């Protein structure tokens, strides 16, 4: 028997407290006896796909963009973050994010996953074991943290990174995930639409990255020396794995192998393709050549922008979202960034934050009840208020993530220090931090 | 409730117009209300797997075989084609290929995917949402186009490629997919067996590649300079990802997570392994050393050859199909190609077209009702006519794809030109076309 | 309808002959008519994931650790073994491992997979087609053989490798898989717990690797020349793919998309992360720097150790298993190996054998009926005898695999020879054996 | 003896080698280098950041010959390497005071 | 003519090139090399096995100039490459007996 | 001063370095090169297409020493690099007219 309440991803069918109440009725372990093997199969697969996005996806995507002397250190960041966030999520992150608590943060009832029995289910995902839901969500916490490292490339101290990510996962990621997705979270109740993590993952990591770029300061040689990517080939492979894995991210966020998952996959594919082409043509027009890095970046911009919308929009809208995201993000990195004067080395802000904001707003424009179900209307359905609601979600994320990230970074800088010595940066982090090098 | 009509992949249970009629009875959206989560889960996964075949699969497979100065441009071809064909498929390709029309091509009822509602289903895949079926088929259109680029390596103009692929996807891929798989398609009605795309994907891309090699002319230095693959390691990784992804290609073509999918996966694995060993031993015997490129190429040859047969044959037959394909394709690239005098740089014709023809014929030999179901008999079951039927399918594909590809290529050559300048080719396409290079 | 007998992976619910008898009641093809599409979907996916572990996973993991002149030869080993073991498994391996026979080895009833009809099911996996079960198990046979090659790096003759792997798969892998997993296998009846292959895959390959290192002798220059890994980046990518693929390995070993699969995935993720961090911190403390190779190795150590336990333990126990495995395996390669004087080049013994033994014992400690079901208690549930049972399993595997591997290796050495010529080793295996090189 | 060193375009290496062998050179050593000169490099643009790549890939060829062969070696390289276009490269001639074949210890012209 | 060859720290290449261009050098050739000297290398530790990496990455610059320019070229390189720290590298000056521009056949100082 | 340049087999580098250090050389520079000579290359065959790889991987060692040390440096390299087999390589000796240590500006033998 399938869990009978219709669901659109993790979103309640109707916003506000009414939805919360009706959802909570299901929050007993009683219904957890019968799981759907198809849904479970898809969510096991989705979890693997989202893990693939970080390792080796992000690891390769970022490693290709740094200089050769920092390749291993860059991969090490994604790899270690995968391990570290897994442990934090197990101990306390999942509990804070997804158990009942208040509007701001969950509680400690799943501390060290206590109570997550073999046949437990989470109320947001009644047809699959809670162990699967917990691990699926874990992979989101991992990739969000890993994405930030793009702003820290080539100069971040490894020990400082571990401290930062530990605190950030607890004090930034868990609360924001709670606000947006957990029953009782205030942004969810407020009606913010974020199917698969446009705010929680992308705006969140993007603004944290901007803070990191700002506090760390630019790389030695920024704007003077040749800091060009040493191997865009790796970046393309990484982007390709991100693309493939994102099916798990977006279609997996349906938490069922159902029509929403199917449509989410379709619109993800379409928006990504459109954005890759849009960035490519924009760059071809402006800079005279269509770069490979541009096509890969455009694809990621499209993936980011469709993320919040993926459960709510039609294929036609996805095409438009992709085109807009590709052009806007190209503008953000090629025009806006040079004028802002910070060194967000691998453009986390330009692609993930700007792309995420673009997606959040366009979700308010293009969401339609025909796809998302009753109550999920955007501007195209005549509900112009949804855009405002979306902007509240964006602003809340920018403020909390930006402020707390800044405090954490300044605190670490003042204590153990954030940045490697100049000679270490010159020598390259591979040798300086890890005692290894690529032949 | 599962869709009750027994199915073998996309093939009708019995050939001819009778099957068509019976299939059409189901062509109403009514039955689309209840999908099977297991089937849907598998088809979502299969779609991701087939996408993985192109990016990063084909991208790596081909990039490893070119010279270092063309690595990025080669990856760019697969990456951009993924985006481009996605958009074309969304706008018009899917509609032309898979809606009812006539024997030759579908109609425009799914133009821009209009009418593909959340709970729509396609008659060929009644247990999964149409959004999934559409995207799954999209990944086939993508890889077919990407495969062609192997013949164009190191000298194709990027703009010309985009124009060619756009037209080719509309005028060659969509019709042939319609002929073979769509209800009403003439080759389907004629009884041609092609479980997962031996004709539609491999013969089709292989003959188009031959035309491209012919119209483009050989690379500068062909047969004089050292054009050896710069990194067979990438090619092995690419072949490995093709192998893994092909489970989605062949077992996914069952469109259900059923016994046919299981057997298709088993025979795919077996034929591929046999072909890899066959090519390797053939080369070891003829050229004195078993090359790594040979083993990888043999695996791909096996994958190609088992593709049309994968829903119809036993494991024992798969073993034979693999051995034959490995030896035949080795012969095609090592003996036949040098005697034909064209420069099909990465052997698309030798591996995909010859391998596809081998597979198509052997499907006629080894198809058995024990696996494919009633009506699917080949020579081993005593139906010697099936081989003739298969040859008609092969010939039709060769003629249409060959002729239209040739016309398109000559047309582009006469207008915007197909090939880069000599100095650009010397300098390498990475810098000349995309302004990037690998350190 | 699902197969009604509750199952924990391939393990019987109760040990001993009683279980065997009850299982055998189901060993008729009758129940095979109705499969579960969700279970089938997950097992198709799991098979793809485990294949991904070997190619490109192990291929990259190992290739990154050798010198540049041996990269292709190293990849070739994994790639060819994939093909070779597939054929052996098809012909005779599956039959010997998984058909009824005696306590020691199966029979020939599935010789060349005869009798594996389209709708056949294996008694261990009643809800999926036997074709899927057979292929899933095939991928285990493949990776076990491929893992051994890490001990042979840089000096093994390719022809000797093919002969060794052929014999080893038949005389070592198939029997041990039968002992531990097949109904009637003596270690299974004895009550040994091995959810996903700690003994069958890891101890087995690890001890065979030690024998290979011993018989082959050290690489030229061992302990004198710089034999450092040429590209730890590849190793990280390989480890990442192993990690992702291992979800199929462990959660797939549930053979259902059920609560056991979900919990197996969760504990796999947690133990792996803990082990990666444990190795990293241990190395950071001992050797002053946290190496990238160390983090990757720690992850693999964690994956190995959780493998036998993955269906029986809680997340909290997984955390402990990971920490212990990370530290123990670090000790095994950094302290123990230099004192043993053999050249297990890529540490198969230290990571897989020692990690596997650690996991086998800890399974005896941490197995709990709350996860594994009635009858699956370890020390934490008060059953101290389970540890002894586990040790019997370890010892049996060490003795049989060690002894037969040694005999096979000595036999090959005495006949066709195991090792390449000195000049070939100096020149590098890529050119010497395969006539190829990386630019 | 003379060491004739040339910086040439990479795709001309095979022709240069053949030309040198033709005049009797028995060995040569090549290095991948990057050159800066009259031939312009190119600009690479990554997400809006422009990097001037002023160095172009070149091949350095070193061939040691007896004094009597030096002029012919220079001519041979010139013949093999020339395309008539900018960036074809340079040839420099150094004096060598000694040459030794490691394997045999032969010295002077015998070592070549 | 002189061939001024310098082994420098990699990140100093751009400054050296600019300094050389400033004094009128029209071309130069660079090679990635590894150097052993007073500046210590480092140790790499792979799973307990220690490897001494005694060679450090360096860049070799070769610039051929007319005799009259040689001293200024040496100075320019020194200015561009110096950090004042160990491992800054060396400059060596060789005599050149002939120079040829492949494209035109010009010789001597005209070839540079 | 002399610049002793040797082309050797790659796996002999460590022995050569040790031999040079033993006789008092304080620094050296190595380059990965490819060599063509009496030692044959090999053939690579890719899907039936044969490519002659005539160049073999070699290491070039350059060490600048005072005139008085030149002969011993040659001997040291020979000792370290010799296997007695074809392809062991060559040693060439160049004159150097000047040497400068970039860091300090020291010149001549002091710069080494």
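We just call them A, B, C, D, E and F in the order they show up, numbering each chain from 1.
Everything that follows uses one rule, which is that contacts are C-beta pairs under 8 Å (C-beta built on N, C-alpha and C of every residue); 3 or more make two chains touch, one makes a residue touch a chain.
In this text the structure is predicted, and so the values were computed from the model without any measurement.
Asks: Along touching chains only, what is the step distance from chain A to chain D?
Replies: Each step joins two touching chains, and the minimum needed here is 1.
Asks: Could you tell me which chains make contact with chain A and chain F both?
Replies: Under the touch definition, chain A and chain F have B, C, D, E as mutual neighbours.
Asks: Where the contacts of chain C and chain F overlap, which chains show up?
Replies: B, E
Asks: If more than half of the interface residue numbers appear on both sides, call it same; otherwise different. Which is it for chain A and chain B?
Replies: different
Asks: When the contacting C-beta pairs are counted for A-E and for A-C, which pair yields the higher total?
Replies: A-C
Asks: Provide the C-alpha centroid distance between chain C and chain E, rounded to the nearest whole angstrom.
Replies: 52
Asks: Counting only Cα atoms for the centres, state how far chain B is from chain D in Å.
Replies: Result: the chain centres lie 47 Å from each other.
Asks: Take the average of all CA coordinates in chain E, do the same for chain F, and state the distance between these two points in whole angstrom.
Replies: 17
Asks: Among all residues of chain A, which ones touch two or more of the remaining chains?
Replies: 36-39, 41-42, 45, 226, 228-229, 257, 287, 289, 291, 293, 435-436
Asks: Quick check on chain E: which residues sit in contact with 2+ other chains?
Replies: 31, 44-46, 53, 94-95
Asks: Which chains touch, pair by pair?
Replies: All chain pairs meeting the touch criterion are A-B, A-C, A-D, A-E, B-C, B-D, B-F, C-E, C-F, D-E, D-F, E-F.
Asks: Which residues of chain A touch chain D once you look at their complex with the stated criterion?
Replies: Residues 223, 226-229, 287, 289, 291, 293-294, 297, 333-335, 337-338, 347, 350.
Asks: Which residues of chain F touch chain E once you look at their complex with the stated criterion?
Replies: Going by the criterion above, the answer is residues 1, 3, 17, 26-31, 64, 94-103, 105, 111-112.
Asks: What residues on chain D touch chain B, complex-wise?
Replies: Those residues of chain D that touch chain B are 11, 14, 42-46, 53.
Asks: If we count contacts the way the header does, which residues on chain C are in touch with chain B in the complex?
Replies: Of all residues in chain C, those touching chain B are 35-42, 44-45, 47-48, 51-52, 55-56, 59-60, 63, 71-73, 75-76, 79-80, 82-84, 86-87, 90, 112-113, 116-119, 128-132, 134-135, 138, 158, 257, 430, 433-436, 438-439.
Asks: What part of chain D is in contact with chain A in the complex they form?
Replies: So the residues of chain D in touch with chain A come to 44-49, 51-53.
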